[in-house]
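Comments concern the structure below.
All chains are identified by letter, namely A, B, C and D, in their written order; residue positions are counted from 1 within each chain.
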Amino acid sequence: MNELLSRIAEQCRAEADNGKVANYIPALANVPPEKFALAVHTLQGERYAVGESEEAFSIQSVSKTFLLALALQEMGEALWHRLGREPSGNPFNSLMQLERENGVPRNPFINAGALVVCDVLFDLYQDPLLALQQWLSEESGSMALVDPETAQSELEHGDRNAALVHFMRSYGRINHRAERVLDFYCRACAIKMSTSQLANTMLILANHGVSPVSGKKRFTRSEAKRINAVMLTCGTYDAAGEFAYRVGLPCKSGVGGGIVAVIPNKMGLCVWSPPLDQTGNSAAGLAALDMFTTETGLSIF
Amino acid sequence: MNELLSRIAEQCRAEADNGKVANYIPALANVPPEKFALAVHTLQGERYAVGESEEAFSIQSVSKTFLLALALQEMGEALWHRLGREPSGNPFNSLMQLERENGVPRNPFINAGALVVCDVLFDLYQDPLLALQQWLSEESGSMALVDPETAQSELEHGDRNAALVHFMRSYGRINHRAERVLDFYCRACAIKMSTSQLANTMLILANHGVSPVSGKKRFTRSEAKRINAVMLTCGTYDAAGEFAYRVGLPCKSGVGGGIVAVIPNKMGLCVWSPPLDQTGNSAAGLAALDMFTTETGLSIF
Amino acid sequence: MNELLSRIAEQCRAEADNGKVANYIPALANVPPEKFALAVHTLQGERYAVGESEEAFSIQSVSKTFLLALALQEMGEALWHRLGREPSGNPFNSLMQLERENGVPRNPFINAGALVVCDVLFDLYQDPLLALQQWLSEESGSMALVDPETAQSELEHGDRNAALVHFMRSYGRINHRAERVLDFYCRACAIKMSTSQLANTMLILANHGVSPVSGKKRFTRSEAKRINAVMLTCGTYDAAGEFAYRVGLPCKSGVGGGIVAVIPNKMGLCVWSPPLDQTGNSAAGLAALDMFTTETGLSIF
Amino acid sequence: MNELLSRIAEQCRAEADNGKVANYIPALANVPPEKFALAVHTLQGERYAVGESEEAFSIQSVSKTFLLALALQEMGEALWHRLGREPSGNPFNSLMQLERENGVPRNPFINAGALVVCDVLFDLYQDPLLALQQWLSEESGSMALVDPETAQSELEHGDRNAALVHFMRSYGRINHRAERVLDFYCRACAIKMSTSQLANTMLILANHGVSPVSGKKRFTRSEAKRINAVMLTCGTYDAAGEFAYRVGLPCKSGVGGGIVAVIPNKMGLCVWSPPLDQTGNSAAGLAALDMFTTETGLSIF
């Protein structure tokens, strides 16, 4: 396995040259594009890694997976009265679809959907950010901290998200104050974690809701399956079909260049390389996961 | 003329029964639906009126006409680099079209367009609200005051407008802070004026930019023509075609139940009746203007 | 007047250099771009012209005005159960809006609307094409012939129109066979007439439904007003606002480079210059009408 | 296994009461709603079934899977220059999305995409319908016949599909004559096969492109994976997310009430029950597949 990871790193790193680091906020734009890490953790407790796998980076939209987990473990299927779970077929921050569908977001992995989940979390937890950090610390095995500078930048460049929240509020889909929801959402995106930490968090999804890291049963087998299904069909912006084919695993990506992936019954993975392709996914990250499932035959298809 | 106005009042008042008073804020919902007024002022200085023509009501979107006038008199045609002047064919607060057209509003009479005009006015005037009130006081012949309770309600129910401003800001189409633009916009909508005052303000448009009330030349003949043309094609939400046919005059309506109208070279009109038809225009107001142009033959067509 | 027309021809012809002749079918692409004609006919019977005003050209979408006239004179207001009369705010052959509005076209001057009018005419006339040609011959004062080569080319390049008809049929909005409706529509577009002939046809609209050419009363004052209103708000594709401002007259344009215009109570006009601007309207034609109303002050605003 | 299938039939049949048999053509409307069959075939050659598993029904959109297979086996990845492979997030016959994306369909399982595949097949095969029937006969183990009455009805009610073809042709996305493409498409949908036959055809996808039925290698491992991925993300109209979660298998459904499914490395399945739920998928079919994967734990997640 270590040999495979080395070959993947060697061959896929170059793909980063075809991508572009996210540059809408300085905190992301300043990350060196040559960074690369891949971590593979098994349910048996084996841990493999290559590259800067202990270096924390901005998890960005990967946090949407954890927001969903947090809501689902408290609320169960009732969550789906608030939002859908179907692919959107539209850019992740589109208002057009939201308007056509009366302010109900398509799924929890487009921005509108994650904002609804944030709103829900204010009903479920006294301090949702604290709850999220605690969950992540327990499931990753070490502290998950918010980078305050990134959070501030996100807020300042957050007009699109503000538009989404106010728009959904105008349909009565958001219960809490727009500013509060946006603040929490931006902080969640600004959490920094390492590929190694994130690979750990995926084990709970590989293990049907029971975490081998914290030892806790967070959700039912059915809820874990739900999260995996939503990751596969909606987890990688407008490239879910491409990921399903090339990687063939439930994945969730972020504009920080991280991608987490689940091999049901077997492993949790995380890859990190900052430059993004045109669909907003890590270019080298996609290549690495593609090579990993191709060489190991571990795709779900 | 007075006899005609009496007949119009008598026959058209009943149309109000088919409409519904705007109820999204208390300040509008509490206006008695039976209120009715029609004022007709000529360039020769004759003034005709029927009903509560001296009672002030919330001008709402009629203010969009004056915001446009204020911007155009300072900036001239350069204003059109910031927004379009074509009919929108979509509900007045649609985000869908805005997304398809990269955040540039179709015209100054949909909410998105009026918000851009508000943003522009912060560049042109130290205190745009004061400038607007001054303009209105001079052109109407008496004070135009903001109703603070209405303004506050508008702000509290203003999620859709907030969504529009943030959305346009995300495309770089709004230069000033969202809160500031929204606050000004809501105050402008909350101005209270009477039909008599509003009929006066239309004389400047009937007279190609030179006001018989203030004696001032506010804009060029060409700019006055522009405002009239935008009123005719875009002034009555999604019923511009219906108004063009039935009334055949440049008009601008508001959800407070007021409609202003211009007869080029001749007159300024204003009608007021709170209940709105399905397109958001005063039901009895449309009927009254229809009857006025039909009986006088003063349509532009 | 003749002197004015000469100056207009001299100054506006050059605008054609900024346009592009329609080239989707050979019959249009082969027309010399330097052609120019302007005809002005008054209700008093005066006829002024400059350029190739007796040369017949492909009237294309100008025919939509006559299709509407033909339907309205038989059916009256009942026609509006079949289609709308509001500006569309979308390209003239858009399917998106049609889908959102359940297959009911916005107005008779977008392609979808004209196709519905064609469908209606099969219910009203034994041979609608013959009826149209007869009407045009009577109202223009001489024969109006279909160019068979153009009609054939239109049909062969008519996939977008075929899509519109089949789409509306799938909503139950078209009663006759798709092929039949398309064939008639393409032939109507392929009619050739001169600016002089077309200026004549506009007199009936200037004269509230009574034709000074044929002496016939074709429609009521109200119906004539309706056609004028639809021309002003919808007659020039996605540039209705621009035309309302610059020209200030009810107009209808075609991709053959012709534009007809009405001055209510006074005149009928037609201008022809093949090169089109980006909105699909004759570039020199718009300039000529703009200059005409500016110099004569005959705008309706 | 036989015991499990019996229990599934017993428990899930009732779900049909919540659905509605497709009624836009008589050939579908007249099928008895109580029909039910489920067939499960393994790569080892075991065959299990319950209900009318040898009765042929109209495969309808299930044929899209085979059209795709036929194109992919000849053309390989070059096929994707002609259409996408991402979920659409819109009804299966929407024109709106097609317009926004310049006439390129999102994936081969919406009608627009299947029509493009039909167009492609005219380039690859002398007689594509014959090729399709031959392929199906070989892979299902017995004859696959077109029902001529159904095909004729489809054509007569095919205005929406005709609109799609003409619309894509107007963008230059269809090379062959519209009538020819539509005729082939309707015949492919009108093929009748039994659940038993269809379960057989899925084995090639379970076995990575090598058919245990015909013994032929039809496509590469990678192409088989591609088809499975597209089935999972796009195979069940606007309910792909729901199917991914509840069933957790690559599936393709048709309005005839059939659903095929693949368990990679293990089995091919087909279920049939005519009444459809609101998303156009067989109501009892979904319930049956849900129960099957829940009881056997054979979901891919």
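Note that in this section a contact is a pair of C-beta atoms (placed from the backbone, for glycine too) under 8 Å apart; a residue touches a chain by one contact, two chains touch by 3 or more.
All values reported here derive from a predicted model rather than from experimental measurement.
Trainee: By that same contact rule, can you tell me which chains touch subunit A and subunit D alike?
Mentor: Touches both subunit A and subunit D: nothing.
Trainee: Identify which chain pair among C-D, A-D or B-C reproduces the interface of A-B, meaning that over half of its contact pairs, matched by residue number, are the same.
Mentor: Interface equivalent to A-B: C-D.
Trainee: Could you work out the angle of the rotation that brings the CA atoms of subunit C onto the matching CA atoms of subunit D, rounded to the nearest 5 degrees?
Mentor: Going from subunit C to subunit D via C-alpha fit gives 180 degrees.
Trainee: Count the residue numbers both subunit B and subunit C use at their shared interface, divide by all numbers used there, and answer same if that is over half, different if under half.
Mentor: same
Trainee: Report, in whole Å, the distance between the mean C-alpha point of subunit C and the mean C-alpha point of subunit D.
Mentor: Here the centre of subunit D sits 47 Å away from the centre of subunit C.
Trainee: How big is the gap, in whole Å, between where the Cα atoms of subunit B centre and where those of subunit D centre?
Mentor: 55
Trainee: So how far apart, in whole Å, are subunit B and subunit C when each is placed at the average of its C-alpha atoms?
Mentor: Centre-to-centre distance between subunit B and subunit C: 32 Å.
Trainee: For subunit B, what residues touch not just one other chain but two or more?
Mentor: 100
Trainee: Graph of touching chains, which shape: line, ring, star, complete, other?
Mentor: ring
Trainee: So which chains actually touch one another? I want all the pairs, not just one.
Mentor: So the chains that touch one another pair up as A-B, A-D, B-C, C-D.
Trainee: Which residues of subunit B touch subunit C once you look at their complex with the stated criterion?
Mentor: 84-90, 97, 106-107, 224-226, 228-230, 232-234, 238-242, 244-245, 248, 250, 264, 299-301
Trainee: Can you tell me which positions in subunit A touch subunit B when the two form their complex?
Mentor: Touching subunit B: residues 94-96, 98-100, 159-160, 162-167, 169-170, 178 of subunit A.
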